[in-house]
Amino acid sequence: MAASVPSKTVAGRFFEDFRLGQTIRHATPRTLNSGDASLYLALTGGRFAPQSAETFARAIGYPASPIDDLLAFHVVFGKTVSDVSLNAVANLGYADCRFLKPVFPGDTLSAVSHVIGLKENSNRQSGVVYVRSKGSNQRGETVIDYVRWVMVRKRDASSAAPEAHAPKLPEAVAVESLGEACPPIDRVVFDPELSGSPHRFEDYRAGERIDHVDGITVEEAEHQTATRLYQNAAKVHFNQFSEGQGRFGRRLVYGGHVISLARALSFNGLANAFHIAAINGGRHVAPLFAGDTVFAWSEIIETAALPRRDDVGALRLRTVATKNRPCADFPWREGEGFEPHVVLELDYWALAPRRP
Amino acid sequence: MAASVPSKTVAGRFFEDFRLGQTIRHATPRTLNSGDASLYLALTGGRFAPQSAETFARAIGYPASPIDDLLAFHVVFGKTVSDVSLNAVANLGYADCRFLKPVFPGDTLSAVSHVIGLKENSNRQSGVVYVRSKGSNQRGETVIDYVRWVMVRKRDASSAAPEAHAPKLPEAVAVESLGEACPPIDRVVFDPELSGSPHRFEDYRAGERIDHVDGITVEEAEHQTATRLYQNAAKVHFNQFSEGQGRFGRRLVYGGHVISLARALSFNGLANAFHIAAINGGRHVAPLFAGDTVFAWSEIIETAALPRRDDVGALRLRTVATKNRPCADFPWREGEGFEPHVVLELDYWALAPRRP
Amino acid sequence: MAASVPSKTVAGRFFEDFRLGQTIRHATPRTLNSGDASLYLALTGGRFAPQSAETFARAIGYPASPIDDLLAFHVVFGKTVSDVSLNAVANLGYADCRFLKPVFPGDTLSAVSHVIGLKENSNRQSGVVYVRSKGSNQRGETVIDYVRWVMVRKRDASSAAPEAHAPKLPEAVAVESLGEACPPIDRVVFDPELSGSPHRFEDYRAGERIDHVDGITVEEAEHQTATRLYQNAAKVHFNQFSEGQGRFGRRLVYGGHVISLARALSFNGLANAFHIAAINGGRHVAPLFAGDTVFAWSEIIETAALPRRDDVGALRLRTVATKNRPCADFPWREGEGFEPHVVLELDYWALAPRRP
């Protein structure tokens, strides 16, 4: 009887397996269709009008109802997991994430990552890997481009480390590069009753804080189904047998699912901020588990007119999500760290129609 | 740092915010596609043939497989929640609900409500609001038209009440107005083996009772996913943090989900009653919670030939659903009220093919 | 008030109700669309490239992305339940299951079963029923053909039994009849990075064992939703009220869901074994319950070139699934029976591309 041939299974890369400049094409390409959009909506509760209704999308200028920006992001992200973060100790951050083309039902996304930074940790047990990942559609057009960095275990602490290189990352995506995935929007026909809000770009002010009021409790079946929808195979989300013996004793909710829930909750107050143009940065401050109830609030960090566009403006938002704590008093940082119930801090640019 | 601007979030209308004759256009329009149909089927267990198979639907006379009547109803209902019942104490009833056009994958539904009645309660803490809601498709055709009434909190008990006005509602939808959403049906090709039953309209008799036998246990992830599919944002269904401190200590299953489960269970005995033409009235007698098992039985209240149609006949049905109690002995009323396990009483008209 | 009319509900056939040579056409036909594919993927975690991406499927030779073989199988199987196994004591086995045509979104499946064997048990309480079931598409082409046998209760132990007849079944599907559902595959463009593995047919050897490494925990909401997606109405999967009083005190996960999970897990090691051409046999060795974590490993039993085809080869696989036990040491049989954590043994033929 033959012995096991472990080489046929994917064990995931360790820190030593990455090389600066390396390019990794990821499996598996994925066609997103209207069924994925329905399921995503049902798992997160999204109500933004262009993603919900063909009629609304076409009226304002889209050729069809676009796939939710975060669904497309999660699918691209999901592909990178087996190659980049299967042996990750922690997902440290995102930066410079730009949405460059709208994704429509029928589009097929695939992903490629480039290793743009490597830095061994001082304990030599692990290192930080920086990758720039690009999601492309079936025409080869980049639809999403972002950087993330993860702490990855070394196979062998004594192995030699590459020269440290940490990429220079922008603190925020520049206003000039926002809006590429957003067609010209007809702000006159953008119907405030159908969209759920009369508030336009001009109605928001830097410093304004919005409590999104509602809370949503997460079940194991929900986050597992969502994470499988993205074909993200990270074991911490699915395997109670191993996680039961692990750090938390439980399965961890995929951080992207928390982002999606916070975004869906933000409809209550930001209903017209219909498109995420860029994610400047994101931090999963604490883990979320099934049974927890997610709340969220947002602060308008900055408002920006877009060069050469008078149809939409950009709101730079910091959305903070908590678990089991309503956000009427805007919980956030505390001393050096975060208020204990905070689970997510997300800094992003969303577009909203200007006044007609 | 700017203060909260609560005006950007939807707090929902209080009793004082409604005016007789008022018209409310609801957010968000919603395109229903085949993915919604699949997910609805998977969440409820529907097996009625025209909704399940394109071939069957086309053979009997539909241009395509129609979206389940109740899925369309829940989507229209869901839109009204933020504007009508966010501050509701109780959903009191439905009446005069007519299905006027079939809904097909690709159709976009939007909803408008008219306030047709207002009646302050004697304790002055709340009042009853009656709305007639209409769901329309992208061509502006009304597909569903119904009345519901809800008890809504007052913002301020001392505020003046409008003159009381309760609309006159029909006890049942008239036979003459049934069947508008049902195309001419070819009763000869309506295949009894494929549909799951040899029983035609003529085989049912007023007074006949049918135990639907099967039971179905509801999980939190299922009713939450279903309710989000309908974009119904009523917090009692999703927020364990707040509901845990509330009346029941738990999330409440959306009453419409109970109707859908009872309808799906009714396939066992009513497989050929393929279309809901009207809902005469419905009462959610007791709450349903995750973990409960739903059973159902139906009584044929009346059978009616339809004027100018010899293809289908109408069965007026009372479907009673229970929790954690099989229905072999047809549990229903008890004294002034209901047998303790009853959760739903639904009075509706369904169409079944006549004998070839 | 009229009495119950139980004849309108389906009580299911008892052993006496089957006759050798009998043909049963099953309800309800079912159109599978891209929403079903999305939901199936989200419930099981499938990542095989042709089923995931239109672009990949078309590049290698499919006219469109095919519906997962097991989704089609479960839908066909589901139809047979109400007519064949509603009163089953146990599902004893499958054999000679051949996939004869690919199924694409938009196809409508219906099912017919032929009784090919009957054998009363010596205790006269029950008997074994053998059926050959065929699933057909809307053009009347058989897409799946398989035999299963179940132990069915007798209505009356004293009733006369038919003459015993057990069909002769092949131990495995012959190599000559494999591949009918697989179009000619362009093995040159079959991209190993996109598919997730460089391993071709020629890289596998009889006797080779592959641990699929990952585990997946099953929730009640997940297996119920999957089983309803297949319109499989077997009560043991849905009704906690009755099952709570039954043999296990709990709902049983549909065995087909276990097969789907094992198949999805097998991606890690068998990513290029993209199509199930035949199932030689399958045994559900022990029940699976919600909360259990499924692991799996596979052994290559045999490799076979296909006559007249140089594009793909066939791997005969034995996939063993366990609950709550990783498979690094390949748990399987123990003495006369099975290692205690084994839940499934599946013997099947999968096709993989040959070397370019």
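Read from first to last, the chains carry the letters A, B and C; within each, the first residue is number 1.
We adopt the following convention: a contact is a pair of C-beta atoms (placed from the backbone, for glycine too) under 8 Å apart; a residue touches a chain by one contact, two chains touch by 3 or more.
Here the structure is a predicted model, which is why all the values come from computation and not from measurement.
**Q** Linking chains that touch, what shape results: line, ring, star, complete or other?
**A** If you draw each chain as a dot and join those that touch, every dot ends up joined to every other.
**Q** Since subunit A and subunit B are copies that touch, is their contact same (over half of the numbers shared) or different (under half)?
**A** Under half shared, hence different.
**Q** Nearest 5 degrees, what's the C-alpha rotation angle taking subunit B to subunit C?
**A** The two chains, subunit B and subunit C, differ by a rotation of 120 degrees.
**Q** Centroid of subunit A to centroid of subunit B, CA atoms only: how many Å?
**A** 36
**Q** Which positions in subunit C touch two or more other chains at once?
**A** 33-36, 38-39, 219-222, 225
**Q** What residues of subunit C sit close enough to touch subunit B in their complex?
**A** Within the complex, subunit C contacts subunit B at residues 1-6, 8-11, 25-31, 33-36, 38-39, 82, 106, 108, 110, 138, 219-222, 224-226, 228-229, 231, 233, 235, 238-242, 251.
**Q** In their complex, what parts of subunit B are in touch with subunit C?
**A** 33-39, 41-45, 47-49, 52-56, 65, 193-197, 199, 203, 205, 207-217, 219-222, 225, 268-271, 291, 293, 295, 324-326, 328, 330
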